[in-house]
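The following pair of complexes shares a single chain, chain A, combined with chain B in the former and chain C in the latter.
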Partner chain A sequence: MKNILHKRESYLLVVTLVLWGVISIMNPNFASPRFVMSLIGFNGVYFICALGILPLMIKGEIDLSIGGMITATNVIIVLINIKLQLPLILIVAIGLLVGALLGAVSGYIIGRFKLPSVIVTLAMMNIYYGFSKYINRVMVHDDQALPNYNFQDYKIFGFGIDILFIVVMIVSLYYLMHYTSLGRSVYTIGGNKRLAELIGFPYFSTTMKVHLISGLSAGLVAAISSVTFNNVNTTIHSGIEFELLIIVIIGGVSILGGSGSVLGTFLSCLFIIILRNGLVFVRIPVFWHDMIIGVIIILIVSYDMFRHRVNLNDWRP
Partner chain B sequence: MKKNYENKLMMILVGLIVFGTLLFGRSFLSLNTLMLFANQLPEYGLIAMALMVTLIVSGVNLSVVAMTTLSGIGGAILMNANNNIDIVTVILGVSMMIIIGLLTGLINGVVISYLEVAPIIATLGTMLFFQGLSLNITKGGAITALNAEFTYLGSGSLLGIPIPIYIFAIVCIIIYWLLEKSEFGLKLYRIGKDPKAAKYSGIDVKKMTLLAYVLAGFIAGIAAIIMSSRYNSIRVDYGSSYLIYGIVIVSFGGVSLKGGKGSVRGVITSLIIVSVVTRLLNLASVDANVIEGIIGLMLLLSLIIQHLINKKSVVKTAADNK
Partner chain C sequence: MFNWKIYRGLVCVIILSLALTGCFEGIDMKDDSVITIAMIPKIIDIPYFDTCADGATKVASKYGYELIYTGPTTADAASQVNIIQEMIYKKVDVIAIAPVDPEAVKPILMQAREAGIIVVTYDADASKDSRDVFVSQVSAENLGRHIMDNVANLIGEEGAFAIITASMTADNQNTWINWIEQQNEDVYPLIELLTVIPTDEDQQKAYANTRNLINAYPELDAILAMSTEAGPAAAKAIEAMGETENVQLYCLSMPNAMRNYVKNGSADLVTLWDPHRLGSLTMEIIHALIEEQILADGSDYADFENIQYDEVDKIIIMGEPLDFDFSNIDDYDF
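And now, the complex of A and B:
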């Protein structure tokens, strides 16, 4: 019982529920679960990508190129679709394929040359943004819009299709992290790289796979946003990297790797979304939002460090 | 080994300049290019220096640009509040910017070294905090029409050389002295290489880390002076692209993101290389976005080449030891 209370997931859940309750009291429109579901649907990008970079962060890496990958995939989808006018399912397939390919490129470079992921993905981000902005401006014109897919009309059990994607993402990630050898090697390498290598966990293929997952999530988001908006917006996803970093860290991932969970990431995503939108609903001026979130991150992480130190002292004989 | 990399950077730079002169002749090797560099280099250079100082003690400082704009806004407000006595106003504004820079550095330092938050998260948090504070003060607008004497600092020139260049040079010399000639710098490098070993050899790691972040804050304050006086205004989103660009420059200049490595000379050389490449591509009328991509590619290639060279030298020394 004490264990459950001390887990990140449980206090995130409590804090999120309390926040939701307080905002709902101040503005009853916020209270309906249906509204919260639609909020989740609109912010599907964050859920999908945060879960997508989770394995990579547990392994102790950082992916700054995810916004760039989304934009690049988006441009490629639109370029193909201007000529071919594909059905929805094929667009998702192309998005996943291209995203996986882009993720594999950074995975190969980081794994093969053992370079720090921060700076490799930073370079990749520059490359993706630079070239896709250029290609978009030169080759895509506004009058060549995609066919209209009426993406918002697809419903499953009354919910939008975005929810389905999020659920698929959660279930598959949970399975990957808990029931496969990939999950075990991700946690072990994140916990102690040298030890993992001595035991024999494959460093290169694990690196490839975690970047592949991050690429897949970027491709999925790119496919969704290209059929939702029917065009390319090369700036809409810039800055998503840092937002994702915040979400994943609040969700209990250590920046050094080795810890973190799917449930924690999901809850922290929910927490950030309810916080960001709730602040609007209780009419706090937008100027305060970033400040509040900045302070929350520092408080949560330093509280963690504090508790960690206290625990260490307890363990000392 | 360390000096080796810088010499290679120098050679690349000389090669680029020769190449550019052969290709474009007078239009590259002209006063125009030099003036362009003189206007751009100091701002990018100061941001890169502030990043380098904290990277040496192994921490990415994501909040550098937010610190710069916040100190610029603080100083600008103070100057606009009493805009009557010229020289006093300038001194007040300049010292206000530096003080706010130092304060923001102090906040970063305390959070990182005493609350023990990992640098990248701590500075991500403070970045949001400083940006939010600046937004709160300005409500998103720009603060314009600064003191005329103050704008001279950014746009005036002395003996034909723009004043920002002098400021940048002085800051570089100070940092060079602090990092590479004084005991303070030696300690910083040691902490970056191995914090635990540094601690056991009697270095006050927490205090030194704090001081490194305060120094970064000081540099950010100076950058704020140049930025606000050159534009004659200051706004929250000024320099929003500088952070990524600064990290690219710093890592191309041989500063390791793992800490303990990096030198003023390397960063300055890489700064000039990146500017020369940008200028050459501009002259070849390459699209600005493509230039962004090419710089990313350059960074990636330099990383891979560095890795291959290091591997070769490791193999060689191992063979020598046998």
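And now, the complex of A and C:
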């Protein structure tokens, strides 16, 4: 029992529920479950991408190119779709395919030449943004290139299709991290790279796969936002890399790798989204928003550190 | 472990490419006969500023000037400063800039002026002593009061509205909001401005915040989306929520981007000036400055007649804003 209470996940759950409760008391409109579902839906990009970069963060890498991958995939989708006017399901398929391809490129470079992922993905980010802006300038002229999909009309069991994507992402990632050899090698390489290599975990193919997952998530988000907004916007999701880093770190991932969980990332995503959007509901002037968010993040992370230190002291013989 | 050959190869490539680009710049610099103008928008590759640049390009080629159109890829003051630095190094003759943050670019613009470069701001202003002249699309007071009048036309003399703006440091947006508040206080005391929310030119944030606003403030009658990127996203959010009847949407955006939303009723009114004309006028003013003409109130510049000029603050004012709604949006294409 004590163990469960001390886990990062349960602690995050409590903080999130308290936050949700406080905001709901101040503005009852926030309390409606229907709104919370739609809140998760229209912030789906954070859930999908945070879960997408989770494996490579656990492996001890960082992906700064995810915003660039989203933009590049978005441009390619629109480019294809100007002529063809594809149905929604094919757009998602193209998004996944292109995203996976882009992710594989970074994965190959990092895995094959054993370069630091920060540098490679930073470089890839610039390449993707440059590419998107060029293509956008040269080939895409019409502001409303896509047919008008009513994304919100696609429903499964009464929930929006975006909720479905998030659920699929969570389930498949949970399976991947807990029941496959990929999950084991990700955790082992993140924990101790040299040891993992001695044991014989495949470094190259693991690197390829984690970047593939990150690319897939970027492709999915690109498909969703291109049908949501019906246009190309090369500034959309800019700076998302750092928001994702914050989410994943609050969710319990060590920046050096080796730790982190799907549930923790999901909860921390929920927490950040409730915090960010809830501040609009409690009618706090917007100047305070970023400050409040910063302070709360520091409080959470430092409280956690403090508790860990106390625990370690207890264990000293 | 490390593959040193690859590292060595990489270093060689980098040095070579640096040397090559350096050479080309050297060749550029020798050609002093052509006047070069650097045009630096807040963000490159968004329709609004690209349309501005189209207008500028036409006029520049008319006078035989060389136009370098370059800018940051996100609304980032620091990278804008770097670009200005690069342009000073390239020894351009004129810098036309729409500053992201007037304070951040002030020192570097002063430095540019000391180097003998003519500095013109367009679309958004920098501080008065760091530029030669500001080419403004409309006067801030006129636009702010005009917007508030339109809000009152949409929702009546009593009600509540909220503003979605570009960013909290965007100088022109803040000035307009001040005038909107002023007109609100002076003429429409029963209309309440509930809140102002920034979106950082990101459609995802504009979309999410429009949905938040409609849920958080049930008394909301209208949303004013004050950026070209926020307009379509806000309209999409209203369309997705099926609130086209209850919440009026009023945008400062481009007619092409808003056309479908105005037609299906999710956006009700759009206001803007012609960015193409703004670009052209900026270039005509630059031409006048290069020719050492003295700017005066009511002067004509090529196609532009009777242009207002504020001699105290050195501001050129292009004219009145245009309103687009269901009836006339098809008459405009930009």
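What we mean here is this: the second predicted complex is superposed on the first by the 300 of 317 C-alpha atoms of A that agree within 3 Å, B and C clash if a C-alpha of one lies under 4 Å from a C-alpha of the other, contacts with A are read in each partner's own complex, and residues count from 1 in each chain.
The definition used in the following text is that a contact is a pair of C-beta atoms (placed from the backbone, for glycine too) under 8 Å apart; a residue touches a chain by one contact, two chains touch by 3 or more.
Bear in mind that the values here come from a model prediction, so they are computed numbers and not experimental data.
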Joint occupancy of chain A by chain B and chain C, clash or fit: clash
Touched partner set for A:Leu245, first chain B, second chain C, both or neither: first
Contacts of A:Leu256 with chain B and chain C, given as first, second, both or neither: first
Touching partner for A:Lys133 - first (chain B), second (chain C), both, neither: both
Partner chain(s) touched by A:Val295 [first = chain B, second = chain C, both, neither]: first
Contacts of A:Ala123 with chain B and chain C, given as first, second, both or neither: first
Partner chain in contact with A:Phe287 - chain B first, chain C second, else both or neither: both
First, second, both or neither for A:Asn230, with chain B first and chain C second: second
Partner chain(s) touched by A:Phe113 [first = chain B, second = chain C, both, neither]: both
Touching both chain B and chain C, residues of chain A: 113-114, 129, 133, 137, 286-287
Chain B partner contacts - residues on chain A that touch it in the complex: 62, 109, 113-116, 118-120, 122-131, 133-134, 137, 242, 245-246, 249, 254-256, 286-295, 297-298, 301-302, 305-306, 309
Chain C residues within the chain A interface of the complex: 1-3, 6, 43-47, 50, 73-75, 168, 194-198, 200-204, 207-209, 211-213, 215-216, 218, 229, 232-233, 236-237, 240, 254, 256-257, 259-260
Of all residues in chain A, those that touch chain C in their complex: 27, 29-30, 35, 38, 42-43, 45, 113-114, 129, 133, 136-137, 143-144, 148, 150-152, 225, 228-231, 233-239, 277, 280-281, 283, 285-287
List of chain B residues in touch with chain A within their complex: 60, 62, 111, 115-118, 120-122, 124-133, 135-136, 139-140, 244, 247-248, 251, 257-258, 287, 289-297, 299-300, 303-304, 307-308
